[in-house]
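The first chain written gets the first letter, and so on, giving A, B, C, D, E and F; residue counts start at 1 in each chain.
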Amino acid sequence: MQWVQLGYLLPLIIVGAGAIMLMLLSPLEKVSMERFSLFTFLILLSALSADFYYFGELFTSFPMQEIFSKMLIVDSYSVYFDAIILSGALVTSLIGTHYFQEKRHFKKEFFSLFLFSVFGMMLLVHANELLTAFIALEIASLALYVMIGFQKIHDKRVEASYQYLVLGSISGAFFLLGSAFIYAGLGTTILGDMGKTLDALMGKDVSLIIIGGTFVLVTFLFKISAFPFQNWTIDVYDGSPLPVTAFMAATFKVAIFGFVLRLMLIDLDPIRDIWDTLFIVVILATLLYGTFLAIIQESLKRMLAASSIVHTGYLLIAFVSIGYAGESASSSIIYYLVAYFLSAMGAFGLISYIAADEHIRVTYEDFRGFAHVHPYMAAMLSIFMLSLAGIPSTIGFVGKFYIFTGAIEAGYTFLAVCGIIATFISIYYYFKLIALMYFYPACESEWDDVPSLRGITPITIGFIAIAVIWGGIGNTFIAYFPGVDFLIESARLSYMSLFIK
Amino acid sequence: MTDILFVLLSFFAIIGALGMVSLHQPVHSALSLILTIIALSGLFALLSASFLFMVQIIIYAGAILTLFIFIIMFLNVKEANLPKEPNKNLTLFLGSLALLPLNFLILRAFYKMPLLTAPLEHDFGKIKPLGMELFTKWLLPFELISILLLVALIGAVVFGRKDEA
Amino acid sequence: MSIGILSIIIFLPMVTAFLLMLIPLPSRPTRNVAFGVSLAIFALALYIYTHFELTGALQFKEFYPWIKSYGISYSLGIDGFSLIILMLIATLIPSAYLLLWKNERSKSYWINMLFIQSGISGTLFSLDLFLFYFFWEAMLLPVFMIIGLFGSGNRVFSTLKITIYTIMGSLFMFVSILYLGVAHYYEFGLWSFALSDLVNITSIARDQKILLFFGFMLAFAIKIPLFPFHSWLLQTYSNSPTGGVFLLSSIMAKLGVYALVRFMIPLFPDLFVEFSLYFVALGIFGLVYFGIAAISQMNIKKMFAYSSASHLGFITAGVFALNVQGMMGSAFLIVAHAIATGGLFLLVGVMERHLGIRSISGLGGIATKAPWFTLYFAIMLFCTVGIPGTNGFVAELLIVLGIFHYNPYLGVLSALTVLVAASYMFWVFQKAILVKSDNNVSHMKDLSRHEIVGLFPLAFLILAMGVYPDLFLYKIEPTLQHYLLDILHVGVH
Amino acid sequence: MSTISIAVVIINVILALLFSLGAAPILVWIERRVAGLIQDRLGPNRCHINGIRLGGLIQSFADMLKLVFKEDFKAKAIQESFFFSLAPVIVFASAFLSFMVMPFADDLIINGERFIMQGLPMDLGVLWFLALAGLSVYGIMLGGWSSRNKYSLLGAMRAGAQVISYEAAMGLSVVSVLITYGSIHLGDIVAYQGQLLFGFIPAWGIIIQPIAALIFIITAFAEANRTPFDLAEGESEIVGGFHTEYSAMRFGLFFVGEYVAMSASSALIVTLFLGGYHLPYLNTQTLQAYMPFILMVLIVALPLGSWSAMRWIQKHNRWHKANDIRNHESAFLQKGLIGLNVLVIAGVGALLVLGLSETSTNVATAVIQIATFALKLLFMNFVFVWVRWTLPRFRYDQLQTLGWKVLMPLAIANIFISAIIVVARGL
Amino acid sequence: MIANSLFMYIAVGMILFSIGLLGVISRKNIFVIYMSIELMLNAINLIFVALSNYHHDMGSQVMAMLVIAIAAAEAGVFLSLIIVLYRRKKSLDSDIFRTLSQKEAV
Amino acid sequence: MGIKIVPRHGNTLKEKLYLPAIFGGMKTTLSHLITNLSDTPEIKTINYPEEQPHDISERYRGVHRLTKRDDGSVRCVACFMCATACPAECIFIEAEERNDGVDEKMPKRFDIDLLECVFCGACVEACPCDAIRMDSGIFSFIGKKREDFVLSKEQLLANEEKKA
């Protein structure tokens, strides 16, 4: 029975239907914002639990093949990414609760858009066809554009939205052009078939596919803000509301990687090494320029935005290593995505919690002596900074360990060294914050407005902080509790599921 | 006959596009773009994509660009509010020079491809087979487009509505 | 699952520190608890010392898998060389508590001290390179905090500087470790980062091996610090609080040397031999260079900083001398210098607390005001200089001998340069302590009871080791024999 | 291409021209006369050519002439003179072209060759209409914008927003119709409507798809900018809307274009919902089968009809002054009618006597169908006029509310229902 | 003969695409920028349709239709955003939207 | 004064549908159309030039006229009251001495520009000596030039009172 196969799509269906339901509910006056937060949370939670039903299983299938005709795929890989995206969304909804309620101008439609964008991201991971993927990407992006510009009264929100929209559209056009060329060369846009056709073509002229693939990669590089296309990142991240920034930085990137990894591993595999040189240049430039940008920022939010560029560079290191060390490199990407997701989410979430009140600024200087007033918050923030910097005992360290191991395994020791150099420079801008928070006497008055640690948001952030530590040191000491090994194993499993025929 | 049509239509398409990027007034640009779009729809017809030919005119020329021109006129932009672009033509020229190699590369890849000579089925590009294709193989993207449009709709409402407070 | 004694040594301070963080105790009880912990660890260390067997093998091993998919394990063990340093730590840290008994009022100071102790022990015991790196970096954070929180001057800058500097070095080491792991995987099809597994690697080409060697070397050189990598040193030492300087100079710098011996010798035995000449030379050059630099310093803290660096260059030279004398001398000098420099820095801290100045020119005539202070100061200083009767003398003698065996010219050179140290140390002693000056040193008070008690073991050790060195050397000798004969294959001359 | 095919093509084009462009003066006349009669007054009835007034129809031609010869005035403030001149052309051309695909009759078969009876033999059908309806708004918007007149601009804006919003509902209503008919080709649609529903009701669109018909008619009003949706002109509040600044033939093109558009809308309504060129109960096959009988009925019916028309003319077509030249008109018209009768009866009689060949049957069928179509078209146009003089103009917000909140959901619901029924029947 | 060659269609498509790209890069008027993006999408449509003819596969005509729909969706959001921007800034100059790069809080 | 809330009508389904009402309206107009086409038209229009209006009231303000005294001379004394009262300022008077002893002044010129005039009758009201009236009954004044519409004293005097 093919209807049974819909069960595979259950998380997707729940999120999509939930989004539409919230949209329909939004004109009702009776339902309050708090209720909407709760609904969002519940929808995401149920989707996540539906997703975990298949988690850790090795399988691959095309649900409803007669109707959807291989445009949609469900395998362990997508289930794994679904889990990351959904937990990212879940965390966003939790840490955003406080922010959305403090800041005015967040209407109920926001939650609907939020779910739509989660839907788009999940779809992107499930997409098995270029155009479908593009539509999924557009659903996610359009929802994000609107979410960014939701608070129309702030100029910077609208401008960020505009900037992102323009650049996103251009990159989308490149994606389409790339798809057209790939289609020109291969005569199909379905992912598995493309790979087969390409295999058959090997030895002949594949320049069209190369050009097309390059254009698709341009979009990819843009969306993950790699070097020549990184300019938007800081401004857009800066202009966005903080939880949205967190969502964008952590979750969206995951989804994009989810799709492009699939594309690269399954379909463009025979000609992938063509882009290696390009990628190496991109990585070097990304690391260099991102680091430079991060150093010169004064605002914490902008620094985190710039640092996300650097993290993109690390991810790309693993990406380029896939060619020679497929398994460990791709699972290292997947692991690092989780690591970055947790750390960035925590950092952005905490700052959003602190900055929930309109007139508190979030530049470095504003954190002078923060630790003496709010020791727990400062401790959590330090943990996130350490994790972003990749200091041992945090998940960020383990993530970097895998990335660099993968790179060395693939023979790119040189890139690993570059990554290392970027890392130790990054110490400067992460530790600067810690230094400022701890090493200066507190100026009491400035921090009176910061809310005390109460409510769902700080608890969530606290859990993230614990998860960050646990991801760095956790293992199987505690029986049946997922630790580092569990994450790696499931990442490997999901990688393997790509190659089941 | 088709050759002449092709040359003419391409000429208009390119002229329209050039006008679009180089004219100062947004209305003029938009009208040039309409020229391009209509010429493109003619090219679609030449490629025996008759349904797409209609769709192009109905959706692009009839809806999207109408909306566009509507908004341009609606905002009633004064000359003073238009950006000053003193170096526009220079940048356009330099940019086109920069894009030449890219185009050359791409076109060279296509140059080797055989011509389209094989005769097409008589109902190629007609609405019925196209509909069959759309609602069987491409059903999922089609459905997803509806969600995309829904998101865009919400977005437009969010941006368009008045701020209270 | 049983927890071994080494794990207890590592985790007791850490757990205590976490508990103290959570329990809202005031500063004074915290200090008492921390001191208690350090005494407990001293007791455990004594237990280990007594039960240590006289072989070169690793003992008190512990092994638990950690990250199975990459073959990373939590494996601990000690050999003779570690033992010496363990004992050193176990002795020095309680003394430091006593010296710092009154002056540091903040609770977090003590907590950080506990963390540092944990980190140091972890680094000392790790047999897995991943674990080693883990502790190596983790050790840095509390140092960062302690300097940043309690330092003086431009402390934020200097903390950032030392952090970035050391992390830079250690990250290169990290890459090298990863490279070794990958090489092991390629050669044996298994992931492992255990030292015992990694030494089996044969597949790495020489060029890569050299790079890896220097990757490790960089981390250790920065930590020690060897000559070109010392620029963090000055500012950090002068801006750090007493405790921080004490830990940095007397313990953490020695860990660099320790790691050099512990990891580089088994991993790159051939390269170790091959490059030894350069490093001996570099060590001696450091000795001279830092010595001269020390002379030109007016700040007493900076001067000791350079002198410390100069000795560490000497120690390094001894390690690379490739014979048992040199190496044993180094081990001995590690202990001697740790004690002496640590003591000196603590004393300078006392002086600074009373007088508030560090410039040598501002001092003078302390001897009359503070006799106990002068006594201890003199002992420590003599030890540093290597006056016969102190352990410094024995150590330096051994090293010079070792280097002489290694290369007679260098040996002569090193013997001469030791004199340089003597000259400026005496000059300081004379200028700051003895000579009466017009400057106002009236605020100077003599040492308190805690401080006297705290410094006594140090002074005792200095003299005891100087008089009867064998007592301390016999435990380490098999280990060094093992290193030299079994691994480096160089005979004992 | 044979001579006949060329002839048929030419005839088709001429017919299309006649129905659209040629209908414009008649429509103007109808509009004015009907307006007058509805409001208890006379319409224009004086203008004459040698006494022949044709009930005032000549007035329309006179107005045309006036517009052609009037001074072509352009205000100095108008800078975009190219677009200013282009705008009426777009309106006119798109309306005119949209008429071109309406089938006037069933496919004509002459000597085994099949001819599609449309101005432009395209099979795009209703899409073509939608496309050109969408394009025509450019004319209005450009005209209003290039006039540099705030009233014109307002009118243009109104027209633009109106057309965009109603196009959606129109397209959706068409979709449900297409689902029912199963084809997009207008010929197929009309052929479908030649059937009988339950054996006795003509399967016209308005009976099968009443809601779609209603929505389509309403939106067609809006697309054609006719009252009650003529806010673009809104002479009471914005002077004349988009064509305030226009004069002479430029205005004339707008003016004619509006009627052509109305005519085109009517033609599409007729085609989609009123059975197209079919006489009720007489689809093409029946017509061809019973052709002699039908011709005989024609021979009887035509004189009867003419006779009552003549009676009416005699009674009403009097002039006040006895010696006015216009008094001759009555007699002229009567003579004309008699002449027409004689001609038709003679022709038909000759056909009947000589016996009907297949070709002549086909041609006769086509002629009858064209006549039917013309009558239906005229009726629909009359409805347009009738509604105009009955209903008041909408307020702008009401217009948009109607479009988005009523028509659109209704159309979507209708699609659902139609689809369900169609699928259920198909199963 | 010319109209029969895939190359010519691709060439026209690429020329249009490049012009669109140029417009995005070199113009400051936000309207023109967006129209350029639309032009790019149109050029891609032309390529898709030409390829459909080439491959005898109507799938890519469907793709072109989907692209049109995507363009419509983007147009909706973009135009509403432009209205918001123009109302706030009273300018169509994309260079004016520089609040972000200014060093400002929140 | 308060706000009077008028209950909203049209809440029944039939009324909300609007269509019955629309069809009702169309029925009304159609019935008018048919009646007017039939033998018994209700058309009120007169065919003007041929048929003249027959129902002009006596108080209808037509074109002005200047009244005369019994001796046939102009009654106007050129007091400018009418010109002052005129809202459209369409009366131009030039006075001159009246030497015949009947009165002191009389207009030398008395022009009314009918293109300016709004036919309000203010001048008639203002006139102290009933010299200007608008009871000529002329409702349609025809001219071929602008100048034709400026009525001079003579023309005004020539206008006769409309006879009932």
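Keep this in mind: contacts are C-beta pairs under 8 Å (C-beta built on N, C-alpha and C of every residue); 3 or more make two chains touch, one makes a residue touch a chain.
Small disclaimer: the values here were computed from a predicted structure and weren't measured.
Asker: Any chance you could name the chains that touch chain B and chain E both?
Answerer: A
Asker: Could you give the fewest steps needed to travel from chain D to chain F through chains in contact?
Answerer: 1
Asker: State the chain with the largest centre-to-centre distance from chain D, centres being mean CA positions.
Answerer: Result for the farthest chain: C.
Asker: Round to the nearest whole Å and give the separation of the Cα centres of chain B and chain D.
Answerer: 33
Asker: Report the inter-chain centroid distance for chain C and chain E in whole angstrom, where each centroid is the mean of the CA atoms.
Answerer: So the centre of chain C lies 65 Å away from the centre of chain E.
Asker: How far is the middle of chain B from the middle of chain C, if each middle is the mean of its Cα atoms, in Å?
Answerer: 71
Asker: CA centre of chain A versus CA centre of chain E: separation in Å?
Answerer: 26
Asker: Two-or-more-chain contact residues of chain D, please, as numbers and ranges.
Answerer: none
Asker: Residue numbers in chain B touching 2 or more other chains?
Answerer: 51, 55, 63, 67, 106, 110, 113, 137-138, 141, 145, 148, 151-152, 155, 158-159
Asker: Where does chain E touch two or more other chains at once, residue-wise?
Answerer: 10, 20-21, 54, 59, 66, 70, 73-74, 77, 81, 84, 94
Asker: What pairs of chains are touching here?
Answerer: By the stated definition, chains touch in these pairs: A-B, A-C, A-E, B-D, B-E, D-F.
Asker: Help me check something: in the complex, which residues belonging to chain B touch chain A?
Answerer: Checking each residue of chain B against chain A gives 105-106, 108-110, 112-113, 136-141, 144-145, 147-148, 150-152, 154-155, 157-159, 163, 165.
Asker: Enumerate the contact residues on chain D facing chain F in the complex.
Answerer: The touching residues are 34, 36-42, 214, 315, 320-321, 386-387, 389-391.
Asker: Please name which positions on chain A make contact with chain C in the complex.
Answerer: The contact residues of chain A facing chain C are 386, 391-393, 397-398, 401, 404-405, 408-409, 413, 416-417, 420-421, 423-425, 427-428, 431-432, 434-436, 438-440, 475-477, 484-485, 488-489, 492.
Asker: Enumerate the contact residues on chain F facing chain D in the complex.
Answerer: 19, 22, 25-26, 28-30, 32-33, 36-37, 39, 42-45, 47, 50-51
Asker: Which of the residues in chain D end up touching chain B in this complex?
Answerer: 83, 123-124, 127-128, 130-131, 133-135, 137-138, 141-142, 144-145, 153, 156-157, 160-161, 163-164, 167, 171, 184
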